[in-house]
Amino acid sequence: MRLTRQQIAARVADDIPDGAYVNLGIGVPTLVADYLPDDRQIVLHTENGMLGMGHAAAPDEIDDDLINAGKIYVTEELGAAYFHHADSFAMMRGGHIDYCVMGGYQVSVAGDLANWRTNSVTSIPGVGGAMDLAAGAKHVYVLMDLFTKAGECKLVQQCTYPLTGAECVERVYSDVGVFELADGEVRVLDLFDDELGIEGLAAIVGSPLVDARLAVS
Amino acid sequence: MINKEVEDHLEAVADIVDGSTILVGGFGPPGQPVELINALLENGARELVIVNNNAGAGGSAILKLFSAGRVRKVICSYPKAIDSTVFDELYLAGKIELELVPQGNLAERIRAAGAGIGGFYTRTGYGTELAEGKETRLIDGKHYVLEQPIHADFALIKALTADPWGNLVYRKTARNFGPVMATAANVTIAEVTNVVPLGGLDPEIIVTPSIYVDRFIRTRAAAERTAADERAQA
Amino acid sequence: MINKEVEDHLEAVADIVDGSTILVGGFGPPGQPVELINALLENGARELVIVNNNAGAGGSAILKLFSAGRVRKVICSYPKAIDSTVFDELYLAGKIELELVPQGNLAERIRAAGAGIGGFYTRTGYGTELAEGKETRLIDGKHYVLEQPIHADFALIKALTADPWGNLVYRKTARNFGPVMATAANVTIAEVTNVVPLGGLDPEIIVTPSIYVDRFIRTRAAAERTAADERAQA
Amino acid sequence: MRLTRQQIAARVADDIPDGAYVNLGIGVPTLVADYLPDDRQIVLHTENGMLGMGHAAAPDEIDDDLINAGKIYVTEELGAAYFHHADSFAMMRGGHIDYCVMGGYQVSVAGDLANWRTNSVTSIPGVGGAMDLAAGAKHVYVLMDLFTKAGECKLVQQCTYPLTGAECVERVYSDVGVFELADGEVRVLDLFDDELGIEGLAAIVGSPLVDARLAVS
């Protein structure tokens, strides 16, 4: 059975250790925050100048001066700190964020990431902090559905969309499985779609997949 | 003695002329100097180069600058607005120039201008189309891109509180680009919600030291509150 | 839950081994982590590379490191001590290597290491012997020198107050190099005078966010004060 | 009559306008602080992380955490701000300090400054923030006696001591006179040693001196 986005987010959350400093980007990856285990203290970073970000603000918690990178009103945890943009991005670019979780249009088997624009000439390009996270976080995790609505696999031999970063993705968490990209290999850490199977998926990706499920169980 | 407050909003931006490069604070609406932008609209300067992270998505005040056709070029990381197509239409019609910059490069390039750095090497953007044509260098086995400082004629920023010297503190995520932008412009103009007497800000908590602030206005709401206080005391 | 306090001073520096590069905070005595340096002395690591602005003039604790022959190389801007000849003798005898760096380059090179900058161009030092052999570049008609980041294995810094996560605030000119050094080491160890519960520091005034602090100790005086408080409450 | 150091310091102070942000280096130039006119507000910067530095601390004002660049205990003015070293030097290097006043071993007619070490091989070199101020302040003023104790003129054709910065000095304030270095000229803004005279001094310096005394009177 393929996972729902909520289930993928929960799986990512489960893999983040106690005490980690984490950036969840914008959009779907921010779901991860809802599944962080209660017995771990995870410190969330938002690029617009905050560590110790809390949950999305309830209507009566909204503060006009407190938003996250996706411009959603959020709250503040005990232990939070504010800083300016150059300091915030120095933190991201200097290798201090333990984990970042981003969405993806395409991830290549070498770990290249494309997640900031398609090839459409009529769309307005926008990159935000994605390239900084791709280049700077200690562990770059991508959370995405493995196939587009049109059925194309987003884990590819070579990205056809413009790159966000080269050889930066460490893991892909998807509805179909969890993949680790290392040493030129794609290791399957978990596979949820048994019908497809590793062989079936390898044929679609066009690349061998290493079964690493035992290694992590 | 030093008192950098300017009461008239239009006077505060009077020296901004056609063709000026202006750093505008804010990440989304928080930190956006709405009243200074409105004054700039009234001022009438055209052909502006605006450096603001969100451009068309930066809130309604900055959108008015775009729709009034006053902006020649935008330097930003994320121009797409969810609730407006003003920027999109200008851009797709070729009426506005866009220099798209990874957000961290934007912040660091502005800081570099303020800190006297002539250029710096960063890993961000290497191997992407946003680094095309830029010089690269292999340092300790990793690829870096050479990035240039972004200097500006003016910075328009929003802070929470100023003292008469122009020392500033900010509030929560409204801090964002203000402190770096203040360092990188020939003239930095702040808009503040509160003004306190000299000594009213703890020297340990000042985020923007007064040296970076040329003048500031207080918001109309703050000015009205002050006037009401004075009437109450009279 | 996160609590980065380490009670045993020797345990706090236990992973510092021979040959480590260590950023040591302080400009003169203010900001110098005296008890961490004493612990490092006790730890016994040798052949250290010490990055500290004043080296021999940095106060008595750091001088002990030099006189104990534990330092192979110093990176600093001003090693001359008025009240000690320990450094001078080692240097003139060729027993210690000195990399002399303009103070602003020292601070900016440490910041660069913390911020992921692979190198930067500065005007400081151009045309002087401290820039000899370094790459230069003409940018907008002015000469610049290429400077490299200074990464370190450890940073030993002094702050006023920490919370359990390791958020830090400093006091007056004892702030100096602490906040930048905290960003540039693989392991940052702070020495603090006060510890407050989580939430005890206003998020607006934190100077070093907890992400940069791996562990901290409280000074013995602070520890004794806490113990006395606890006895009084018992 | 040649000026005393106190008189030179007073003359520098007199030339600094209201509202200026000023760095007085270490040693003799810090005397300038004692002569700043009461009717002007001058904000003093010290490289170790402070704007709004006050006078030297009296014995009962000493705070162990509050020193200046020369490691002298100082006080704090209303309006002061503290910041860390990278921020402090960014301020100096980014062209934000209006005036800096430093001592000098030699200043060349082209404005080169030598003030950090002599050619002695047995002295310990130390540079501190001098090169940053020389490269970064808007106006670099040097305060020095014009002659060494051995009688050698310190305003020279070419520095023989190692440089602190090239073509950076705008003015020299000395016991003998005040000199402005601009466009390859040495302009005499004031001359206190009438016996020596402009011609006599020009012969010693080995360079023509432009009499600019009327222009500033």
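Chains: A, B, C and D, in written order; residue numbering restarts at 1 for each.
Simple rule for what comes next: a contact is a pair of C-beta atoms (placed from the backbone, for glycine too) under 8 Å apart; a residue touches a chain by one contact, two chains touch by 3 or more.
On a predicted model such as this, the values are computed, not experimentally measured, just so you know.
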*asked:* Of the chain pairs B-D and A-B, which one is connected by the greater count of C-beta contacts?
replied: A-B
*Looking at C-alpha means, what's the farthest chain from chain A?*
D
_Distance between the centres, which are taken as Cα means, of chain C and chain A, whole angstrom_ = 34
_I'd like the Å distance between the centres of chain C and chain D, where a centre is the mean of that chain's Cα atoms._
30
_Where chain C touches two or more other chains, by residue_ = 108, 111, 115-117, 122-124, 170-172, 203-204
_Touching two or more other chains - residues of chain D_ = 50, 76, 82-83, 89-90, 93, 135-136
*Based on the touch definition given at the start, go ahead and assign the chain network to line, ring, star, complete or other.*
other
*Among all the chains shown, which pairs meet the touch rule set out at the top?*
A-B, A-C, B-C, B-D, C-D
_chain D residues touching chain B - in the complex, by the definition given at the top_ = 18-19, 21, 41, 43, 45, 50-52, 76, 78-83, 89-91, 93-97, 135-136
*Of all residues in chain C, those that touch chain D in their complex*: 27-31, 53, 57, 77-80, 87-88, 91-92, 98, 100-105, 107-108, 110-111, 122-130, 170-180, 207
*asked:* Using the touch definition from the top, list the residues of chain A that touch chain B in their complex.
replied: 46-50, 63-68, 71, 76, 82-86, 88-90, 92-93, 122, 124-132, 134-136, 162-166
*Which part of chain B faces chain C closely enough to touch in the complex?*
108, 112, 115-124, 137, 139-140, 142, 144, 169-172, 202-205
*If you look only at chain C, which of its residues touch chain A in the complex?*
1-2, 111, 113-117, 163-165, 167, 183, 198-199, 203-204, 206, 209-212
